[in-house]
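Got some structures for you, see below.
Look at the two complexes coming up: subunit A is in both, with subunit B in one and subunit C in the other.
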Partner chain A sequence: MLKYIARRLLTVVPILLGLSVLLFVFIHVLPGDPAYAILGQRATAEQIALMHAYLGLDRPLLDQYVQYLGGILHGDLGASSVNNRPILQVFLQRFPATVELTAASLVFAAGAGIPLGRYSGRNAGTWRDALVTIVSLLGISIPIFVTGLSLQYVLAVDLGVLPASGRIDLRLNVPAVTNFMLIDTLLAGNLAAFVDAVRHLVLPAVSLGSIHMAVIARITRASYIEVANEDYVRTARAKGLTEKRVDDRHILRNAWLPVTTVIGLAVGGLLAGAVITETVFTWNGVGRYVVDAIKNHDYMVVQSSILIFALIFLVVNLIVDVVYAVLDPRIRYS
Partner chain B sequence: MDARRATAVSTVVLLVATLAGCGSTSSPPPSTQTASSQPQASVTSSAPAPSEAAASATATSAAKAGGTLIVALPGDLVRTDPILSNDSNSSYIERQVMQTLVAMKPGTTELAPGLATSWDVSSDGLTYTFHLRQGVKFHDGTDFNAEAVKYNYDRWKNLPESLHAFAVYYPIIFGGFGPASIMRSIDVVDPLTVRINLTQPKSNFLITQTLFPLAISSPAALQAGDANNADVTKSKYAQGGNPAMVGTGPFMFKEWVPGDHVTVVKNPNYWDPATAAYVDQVIFRPFPDQTAELNALQAGEVDVAQTIKASDVQIVKSDPKLQVVYRSQSCNVMTLDMNQSHKPLDNKQIRMAIAYALNRQAYVDTFYAGLANLADNYMPLTIQYAIPMNVPTYNPDMARQLIAQSGVKDPTIDFYYPPDVSRPYMPDPKGLFQAISADLQAVGFKIVPHTEGWTTGYLDDEYAGKFPMWLLGWTCDYPAIDNFLITGFFGYQNGKPSPEFGFTYDDLNKAMQDALAAPGDQEAAALWKNAQDIIAADFPAVPMFNSIVPAAAQAYVRGFVASGNLNERFNTVWLDK
Partner chain C sequence: MSVARVSGGLAQGPERRISRGLWRDAASRLVRTGPGVLGLVLIGLFVGTALLAPLIAPYSASTQDLATRLQLPSAAHLMGTDLLGRDEFSRVLYGAQISLIVGVSAVAMGLVIGGLIGAAAGALGGAVDAVLMRGVDVMLAIPGILLAIGIVTWLDRGLPQIMLAVGVSNAPIFARLLRGSLLPLRDADYVVAARSIGAPRGRLLLRHMVPNALTPLIVQATLALATSIIDVAGLGFLGLGPPDPSTAEWGTMLTDSTQFLRLAPYLIFFPGAAIVISAIGFNLLGDGLRESIDPRLKR
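What follows is the complex of A and B.
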């Protein structure tokens, strides 16, 4: 297993290298000049030239790429061309916000999706199943920003029951220690702030998790029905086991594997979805960091952030594969 | 339902109810709504005169101290070293913390004492002597005095070359860095007097000293923050480190969490107790998306939204918890620009026909919710030295007549607009484009529509002279005629005219430079009139509108003095709740 993990980790290097080339070329052939984004509408030609020189954009593309790669090898992902802040430092500072949101979405997606799928599978072919199917299809079909804006308008603006934006009411003055708001509020010993942070999480997490909740529900249902029709389940019932025991011990345990796959893949999807959700809810995570960078033609931030995203995605996939082996002893990697 | 499931369901229900219940604390109390029915002069439904707005803020006897004010801005702070900032969001925040030698009276474009209580200008316009305010201390406790002023002005002039790219305004104001600067020297006359010696007179010198890149920082903090480090990423003073943004204002910089918020706190030792801040702290939150900003305002998460779309005014008005804050003066202009190197726009009768064909008032009503004036120059007429141009008003018959007189058959124009941007002076470029095109087609023009992305070609290509006709405008950096006519429109670069208008205008350039170098007001007025007459005779673009960008606030926000060029400070603001 360790050999397998080491080999998988080694494959990450050429993948990231290839991606860095693609990103670099792709971003630089896009129209637009970051110097205008930084200096404004009436920057003079001299100012634009100075800015190009500062950003290194006056040098050949290959030179720029080699320098960029050299920086990465030394752990330097470059600096934002808009505010000159080191990208890695800002990314790490904002990443906890995205992790918090993604984790909450995953909890919602799995927490609601699995019971719904199980319920649907147990009642396959009935009106209850049909109802869950309709809910799932709606969840899958509605884009995140529509869900987000609708929930924001109805529950935050119109009814005022939940907050519309941000991670916490800034009037509460919670000092940032870990940048995980739930942890920081607890470290500050401020229970009201903790509840406020949870309230701020609800709408973004539900919006972001809705699609994955629906997918998990569908997969759980399908897997449940498939396993429920296996011979060993029939045997278990024939042995006289209670329905609950059959459900828990024989069906669910075996129905887990495809659900785990979907949950693993959902992490990547949630990271991608965070880009939209964070923009809708003014959530200060790395998703919004990338969106703002795209708007400002902040090349370096876009390419470095996407590289980190890719690394996270690859590592998460590896973890999912390892978890398979833990869940199902029949799987062995060599 | 078994007992365990029932417990789980009731726990979820209870949690949701608890979370929902907590929301009520952020809603304004009922008394707020009563208060909102008695609007102040600064926030009434008709735009007040600036002086009224300012008076109302100080005349209120029931002002309450304390609390946190949350202000939504359209974008984030960029750098915390004023000289290295060139964006309106950074300036807006710096304005609360930093101060300049010369100020503007709140809500107006009128010059007022700042850190200098008075100044003398020599008759040749080459020497400015500033008398400094006594008893002022920087936020780090060090003294504000002539040495501190000299340190700042010398530092700006001699910035490391690698920082020049960020100090965009210094060369605009002083002509260049180092030896190219028109500031020959700055002398400390005595601890409270400095004398700035120029190499040439500059009639806009005083008003440019109100610009926030020229805010005075504590020399000790600049040194401690490594502000002169040639690598801006290593300057704590520019990156929001400790120290950063150490000035003399009513608020002190506390923290900047990039992308999330900037906090400034009340300065308890402010040099002018009469104008010390009421609120304990102001938190600025960036909202690049105006829908999210409006939602946050309606949900009570922000107290003031610095700018809202004209189309959202009605939504804010219909919400009893909110108030619209109208700004009294515009500091922008939208223009329909034309390039004379493209036929038939080389023909002045065609250019005039275009102006007559446009029903500008209808556009104001449709796209600006009435919050714009018809422009009669390339700047608002409230700007010093601006004179009316008598821009043609809607007359389609006259437009047809001029086309006939021009001798141009079936005039065809390639017309560009940016589909992906909204500017204060141009909230809906596509809508405006369609309305203008319809009016032009109605009098006989054939319009060929084109679009390009704002920062992905539009600005580059219009500036390079590729567009025959296009929509653009200018929001002032500072409310002065040269900032519109030279910086925004017709300034020469490297001795050459901008290719965007497609003609050479040496006479206009000379007239503007002469006006800028005028040693006194009277000479400047006459010379600027001359420049404007040249522009009016040529009619290179149609001045369209001066828009008034509204703000919005919770009804309990009091004492906010709004300004057309965003010269706004929150020390006068208090929370009536």
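What follows is the complex of A and C.
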């Protein structure tokens, strides 16, 4: 198992190196000058030259790349060109908000998607199956921002049952310890604040998780039907086992594998989707950090945030692969 | 007499089972499925709206009339008016043009870029394959919408930039798919036969291998049209849409409407519904195509 993990870890290194080259090339070779983006199109040649010198863009490309890579390896992802704050520090400070949102979305996506898919698979070919198929088609086809805005209008603005934006009612004044709002409210022993934080989490989590809920339901359904048609399931039924036992012990255990993969892959998709969800719900996570950076033409923040997102994505994929190898030993030896 | 009847009966039987080719068989299966037909109808509606927008739209997409701003849907303005008094119905219709052009171009770019990489990797193999596929791994490490955000941020806003951004974010999947389909074909009997009679490498690839590896690519392209339309609108929603604010783009229209959620919720509903209907159309067609090409997938 360790050998397998080491082998998979080794494949991540060249990808990360390639990523650093790609992001570097984007900034330095493609058309579009960061100096112009920062200073605006009306900047004079002198101002542009000064900005180039400030950003180090006047030095040879290889020098710039080596310095950039050295910085990354030392955990220095540069500073914002708008307020000069270290990018990694701000990213880590805001990351818990995104993790909280992503985790809640995953709980919703898997918590609703798996039972829906299983129900659909058990009733394949009936109107119940068709209904779930329609729900999952809608889930896949409705963009996060449309779901988010619609939920925001109906449940927050019109009916007023849930808060429309933010992470907590600011009047509750919860001290930031971990930056995970749910944990901080519990640490403060403030149950009312905890409930308020959960209420703030519901709409963003459902909006962000809706697409993945639909994908998980589809995969669970397909996997359930495939396994339910296997010979060993027929044998189990022929032995006289109860339907529940066949379902739990023979179908679900084997149908679980592809679902695990999809759930793992959903983490990456959810992190990317957070960029849009956080914009809709004014959620102060890293997604909004990227969007604000785009609006301020803060190239370094966009570039470094994408690198961190990609790193997280790779680590999550690695964990999924390892979990998959634990669940299915055939993978380790292939 | 009886012999003639028997032979006639026999002649009819096998004739029904004769294949008319992969695509014609798939098309006839597709038009017999409800979801596939519904997908075609929705796409027809979307494409028809885009093509006929100048004829159907009662107003121009950019004409402002501040006297009639934020009006509810009425006979004069079927979908109401926005903050600047522009007719929402006309803007939704013209928005279909932008989504169609940008969505189709983005997928076409993705197909060309990904197709070239996948074809070179799958046909040449060895070091070329290894290098190209590591490059694809790098691209796949960045979630699609983030890659598109990065590209538009760097190249600045504009429709061609959006097309390229969404196209490039689609390319790695096309490259992987084509390479995966080409690899087993390298040892297929008909390819070995063509190689043994001295067919040059380019001809082998273009005439014998690629046409037989296109099926999964076409299905993926149909599904990618749905995600591309959503991604284009997503970029618009994040403020990375067309630089001209008068351009009717569905995602940008949604962003503009968020300020008036309480006053004018219909401004979210109509562009939102337009995005969803077109995405459902391509998703249904993609699923239908996949099942018609390989009926074993249908359960």
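Here is the rule we use: the second predicted complex is superposed on the first by the 289 of 334 C-alpha atoms of A that agree within 3 Å, B and C clash if a C-alpha of one lies under 4 Å from a C-alpha of the other, contacts with A are read in each partner's own complex, and residues count from 1 in each chain.
FYI, a contact is a pair of C-beta atoms (placed from the backbone, for glycine too) under 8 Å apart; a residue touches a chain by one contact, two chains touch by 3 or more.
Quantities reported herein were computed from a predicted structural model and do not represent experimental measurements.
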_For A:Pro86 in the superposed arrangement: first (subunit B), second (subunit C), both or neither?_
first
_After the superposition on A, what does A:Ile251 contact: first (subunit B), second (subunit C), both or neither?_
neither
*asked:* I'd like to know which partner A:Val174 touches here: subunit B for first, subunit C for second, both or neither.
replied: neither
*Please work out whether A:Asn284 is in contact with subunit B alone, subunit C alone, both, or neither, and reply first, second, both or neither.*
first
*So, does A:Gly18 touch the first partner subunit B, the second partner subunit C, both, or neither?*
second
*Of the partners subunit B and subunit C, which touch A:Ala266 in the superposed model: first, second, both, neither?*
neither
_Counting contacts the way the document defines them, which residues of subunit A are shared by the two interfaces, the one with subunit B and the one with subunit C?_
30-32, 37, 149, 152-153, 157, 279-280, 295, 297
_Complex contact set, residues of subunit A against subunit B_ = 30-33, 36-37, 39-47, 50-51, 53-54, 79, 82-86, 90, 93-94, 149, 152-153, 156-157, 160-167, 169-171, 176, 192, 195-196, 198-199, 202, 279-282, 284, 288-289, 292, 295, 297
*Mind listing the subunit A positions that touch subunit C in their complex?*
11, 14-15, 18-19, 22-23, 26-27, 30-32, 37, 124-125, 137-138, 140-146, 149-150, 152-153, 157-158, 222, 225, 268-269, 271-273, 275-276, 279-280, 290-291, 294-295, 297, 299, 302-303, 306, 309-310, 313-314
_For the complex, give me every residue of subunit C touching subunit A._
134-135, 137-139, 141-147, 149-151, 153-156, 226, 230, 233-234, 237-240, 251, 254, 257-258, 261-262, 265, 268-269, 272, 275-276, 279-280, 283-284, 299
*Could you please specify the touching residues of subunit B with respect to subunit A in the complex?*
18-20, 22-24, 26-27, 68, 70, 76, 78-79, 86-87, 162, 164-165, 168, 171, 232-233, 238-239, 257-261, 263, 283, 285, 287-289, 291-292, 295-296, 298-301, 453, 455-457, 459-460, 474, 487-488, 493-494
